[in-house]
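The structures considered in this document are given below.
One chain, subunit A, appears in both complexes that follow, with subunit B as partner in the first and subunit C in the second.
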Partner chain A sequence: MRAYHEQTMPATAVHPDRNFKYWLLAPAIFLLLLIGLFPLIYSLVVSFMRIDMMDTDTSFAWFYNYKNLFKDGRLWWSLAHTLLITAIALPLELLLGLAMAYLFLEKMPGRQIFISLLVLPTIISPIVAGATWRLLFDNKYGPINQILSWFAGERVNALWTINPTLVYPAIIFCEIWQWTPFMFLILLAALSNVDKSQTEAAEIDGARFLRTFRYIVLPAIWPVMAIAILIRGLDLFRIFDIIWALTQGGPGTKTETISIYAYTQGFKQFETSYTAAIAFLVVFILTVICTWAIRRMGLAK
Partner chain B sequence: MSDLKITNLHKHYGAFHAVKGIDLDVPSGEFTVLVGPSGCGKSTLLRTIAGLEETSSGSIEIGGKDVTWARPRDRDIAMVFQNYALYPYLNVKDNIAFGLRARKFAEAEVEKRVARAAEMLGIGHLLTRFPRELSGGQRQRVAIGRAIVRDAILYLFDEPLSNLDAQLRDDMRVEIKRLHKELKRTMIYVTHDQIEAMTLADRIVLLRDGLIEQQGTPLDLFERPKTRFVAGFLGSPKMNFVPATLTAAGVKLADGTALELPGRSGLKAGQAVMLGLRPQHIAMAGTHLAKGHVRVPVVIELVQPTGSRVQATMPLGGTSIIAELGAHDVSRPGEKAEIDIDMTRAVLIDTTSDKII
Partner chain C sequence: MSALPLHRRHGVRLSFRYLIAALLVVIFCFPVYWLFIISFKTPDEIFAFPPVWYPESIQFSNYKVLFKDGDAATVGNSLILASVSTFFAMIFGTIAAYSLVRFKTGGENLAVWIISQRMMPPVAIVFPIFLLYVWLGWVDSYFGLIILYTAFSLPYVIWMMRGYIEDIPLELEESALVDGCTRWEVLWKVVLPMARSGLFATAVFTFIFAWNDFLFALVLTRTEVTTYTVQVTHYFGGQSNFWAKIAAMSVLGTIPVFFTVAVMQRYLVRGISMGAVKG
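The block that comes next holds the complex of A and B.
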């Protein structure tokens, strides 16, 4: 009888505490929720309040801040600026990245070194890249105006970060310079995975580049390309560093994007609750766009 | 008229010399098989004909037109790839129609041709399927359909059956042979499988190390090989090679066994040779010795039945040879037997040059 007990006891002892593993996981999950979810909920609560740094008023204003969003022209202009930059920079980065990827698909001497060099801009911190470009664009001491002068044959004094017509090209140029390599790298990986015998078969079948790309290459790289577009699209929507370094949203509010505006409201005007409301507007817009894009691109499959 | 004329073709990959000066003339309507062991340059040769690899030197003419530097699409060829290379995002119909549409055929004509090709290959019911939904054999049929739907001068096949299992391979081989009879087009077929080569070819081109070792009809190569390599490559089981020395009347094997060689003259006595004997030309001793045969007593070493025949391994003149005997001739190792060797079919190989004497 005693021997029987000793044999079966360990087996029965394990059973009641099946959920023990969840207890072991609990602290880690709690910590993750604390870090991830708490600030989100906290700022949601803040967005319904009347907090700013000038006052001690912490009463609830409910939808007051959200109503103000609709009356805030500067906010909608900053949203328009953001969309403008995204709409121009994203396709350009995609096309340039794709063209470069095609170029580097061929075997050539020094290919590895070139690829590493090309990817360098992406490694640099955006704020550093922006600061560097600000120096390069400088109207008095910057080399860009100097080089343009050589071609023009006279002194060029373009105010790249001040002149309203030049400031967008300058920002978009920097953005493309920094992030095209990202597209390039991802698309190069995707293109290298396209079955070579399929493109060879298409070539023998008499298909030219566009037909081969449309029916064979694009469907093959699409899942990867769609994700690259999505990542870059989101990044561009939240663009901050490069613009901050180049123009700080200026001249005036000409290049103020949604992130810059939110920063200005939060940390220059100290409108804490209103900034939280802006942040939630951005979260809402991005959620809608992402959901739509993921469904549209068929990525859920 | 020849549909393909290759003159002194070379192909280098960096320092590696894959094709070392090949001359080839393929007459219209012929089924030519390029065969050889892996690494012999047969696939490279085919890809160079297709224009997928650049020619290093020499020239290629297709249909009387020099296409050495032409793009693949301008060469008027169709090709079936080893891994089928079907377009995964197009259905069977669009796969077959791809080449026609790329060449701007009217849609009515495309429909007609696709339907005919599909019917010819028995894939009419698969037209709306996608490649991933097809079996290996069906994919192979679609790949062939994609090639034959067009009016090309040359149809190239790059080891099309090597990814199929044995049963399907036999079926598809028959199918390809039938297609060639129906279409009467010029086809060039690459394989490493000597049975495929023997059964399909009007002409076999046997390649070795980037050079043509011998070309001719299958039977010509089988019965009149010019080198030891050709003799050993074709035929299954492989030809047996037994070291021997020439005598006035025949050969003497290493263990002293003397075998008479009928109908041969001018043999240099004392010369070291390889005696080549096909397993099929060795039989169990019959009631009387046929003319030109020699009878030798042997001890069976190993027995491999194949059902209809049995492959028996036995020592002869110090070497193990394989004989293909009747299914019930021998049953177990260690058995003593007498074999008759048909010496009229034996080949003698010069050991220094590896050429057939």
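The block that comes next holds the complex of A and C.
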């Protein structure tokens, strides 16, 4: 240690020991390359072949799988299902989360306890959330149909996870239940940081709530809100667990999302090369969306 | 409304807020209540029509079965995987973040590349990883999953810790160097203690991510290191679901997270807001 010091080590961080900074990064980079980059390259190669359960031929078929992607109706339907869920759940989570954040913005006794209780759904595992709602939605022994019966005045026997018209509301309800608290927490933190004197001044001037929100609050919370939207949007695009627990993509392929479809192709049909091609389609779509979103939302720094 | 005196109006508003808040708590907590309550019900109570809203007595036979059959051990597997991978992700991630912040290693490009790794959807990456793991013989091993969870948490840890480390005044580190500390000692004795609350907040989320994971565990485990999330789905049947087991297993898997969050609460809320604000 002493010898190290005597090698006239520079005292400021501007001229660090040459290799030290690389040593610090080495384990992280190694793991990211091993788990992130290497499999991606490997599967890119595989996606140009024609490997499936029957055939382990490793000669190149080039764009054979990619051409098939365009003819695969089930794939595009699964993509449509994914977008449908995202398009409905995301705005609802955002609006509900925002409303809840406003509700708890001002101090009130017991506020912290309310917040802690409301955050519970977000911290439980999505697979458990799905399982829980499966129990809740049961047509006979579940409480939801029972509660609906009270309002309807007659016995309700809705088959939530089987009936094609009810299955989407069921999934979206579960999704909103689990992730609205996440939006709520982030937006509450963002709203708390908004300069109060500005909003109060606007109110004294007689500005309506919506105008104050549009011109003072929204610009202030937008950077945080945009990131929350981006995170949730990406998560919704890859939705798997909740659907797996509730419907496994059923009835039929009615609620199959892109993740469920890719899983089925890869691990049930063993279409190795084709699944790799699907994976690349997903990576491509996400890259496009993210680049667009980051530019559009003005997040690029 | 405007006819009321100001303090009365305030009181009406406050009680209205309490009413809505109570309603929200009921809506958001009822499913959790239902899950817990089913796990304590007898089969007769579970399959009763109309549903039983609260059991006559709390009984633990649903849990006893899980422990007797050894299913409860899957919670232990989750615990090992989540805590060990969190430990490594925090170490590797923090030192990497330190390097990025203090030495600007790799410039902005490297940081952006690392963060972009987080955007990768698991389903796109899980299949190639499966192929890789079969080739390496890592399927159904603690080692394989720990490496995977560690790597998957790294971008998040680096991203978060970067923000926390930037807040540490450089003078502290410089004076430690002048005092004769090596660079590793500076990291260990100055930087880590200063970033303590950030470390905890980040660790909670890293732990929860690994704990809640389902897809990777589903694909990469068979029998040896089954996690509790995979175990829960084993009880789904086509015709009859093993309701009591689903509920009891879910509760066993949820309690550790509730506990962690309760203990770490003040770090948690800060972690969420900091992560978003710092971006």
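In this text, the second predicted complex is superposed on the first by the 268 of 301 C-alpha atoms of A that agree within 3 Å, B and C clash if a C-alpha of one lies under 4 Å from a C-alpha of the other, contacts with A are read in each partner's own complex, and residues count from 1 in each chain.
Throughout what follows, a contact is a pair of C-beta atoms (placed from the backbone, for glycine too) under 8 Å apart; a residue touches a chain by one contact, two chains touch by 3 or more.
Keep in mind that what you see is a predicted model, and the values were worked out from it rather than measured.
Subunit A is touched at more residues by one of its partners, and among subunit B and subunit C that partner is C.
In the superposition on chain A, A:D195 contacts subunit B only, with no contact to subunit C.
In the superposition on chain A, A:G206 contacts subunit B only, with no contact to subunit C.
When the shared chain is aligned, subunit C comes close enough to touch A:I124, but subunit B does not.
Of the two partner chains, subunit B is the only one that A:Y215 touches; subunit C does not reach it.
In the superposition on chain A, A:G233 makes contact with neither subunit B nor subunit C.
In the superposition on chain A, A:I258 makes contact with subunit C only, not with subunit B. In the superposed model, A:G249 makes contact with neither subunit B nor subunit C.
No residue of subunit A contacts both subunit B in one complex and subunit C in the other.
Across the complex, subunit B meets subunit A through its residues 50-52, 71-73, 75, 77-79, 81-83, 85-90, 94, 98-99, 102-103, 146, 150. Every residue of subunit A that touches subunit B in the complex is listed here, in rising order: 195, 197-198, 200-208, 211, 215-216, 219-220. Within the complex formed with subunit A, the subunit C residues making contact are 14, 17-18, 20-21, 24-25, 27-32, 34-35, 38, 46-51, 53, 91-93, 95-96, 98-100, 102-103, 105-106, 110, 114, 117, 119-125, 127-132, 147-148, 150-152, 154-155, 158, 170, 173-174, 177-178, 180, 182-183, 208, 211-212, 214-215, 219, 229, 232-233, 236, 241, 243, 246-247, 250, 253-254, 257-258, 261, 265, 269, 272-273, 276-277, 279. Within the complex, the subunit A residues that touch subunit C are 1, 4-5, 9, 11-13, 16-17, 20-22, 24-25, 27-29, 31-32, 34-36, 38-40, 42-43, 46, 100, 103-104, 106, 108, 114-121, 123-129, 131-136, 140-143, 146, 177, 180-182, 185-186, 189-190, 193, 223-224, 227-228, 234, 237-238, 240-241, 244-245, 258-259, 262-263, 266-267, 272, 275-276, 279-280, 282-283, 286-287, 290, 299.
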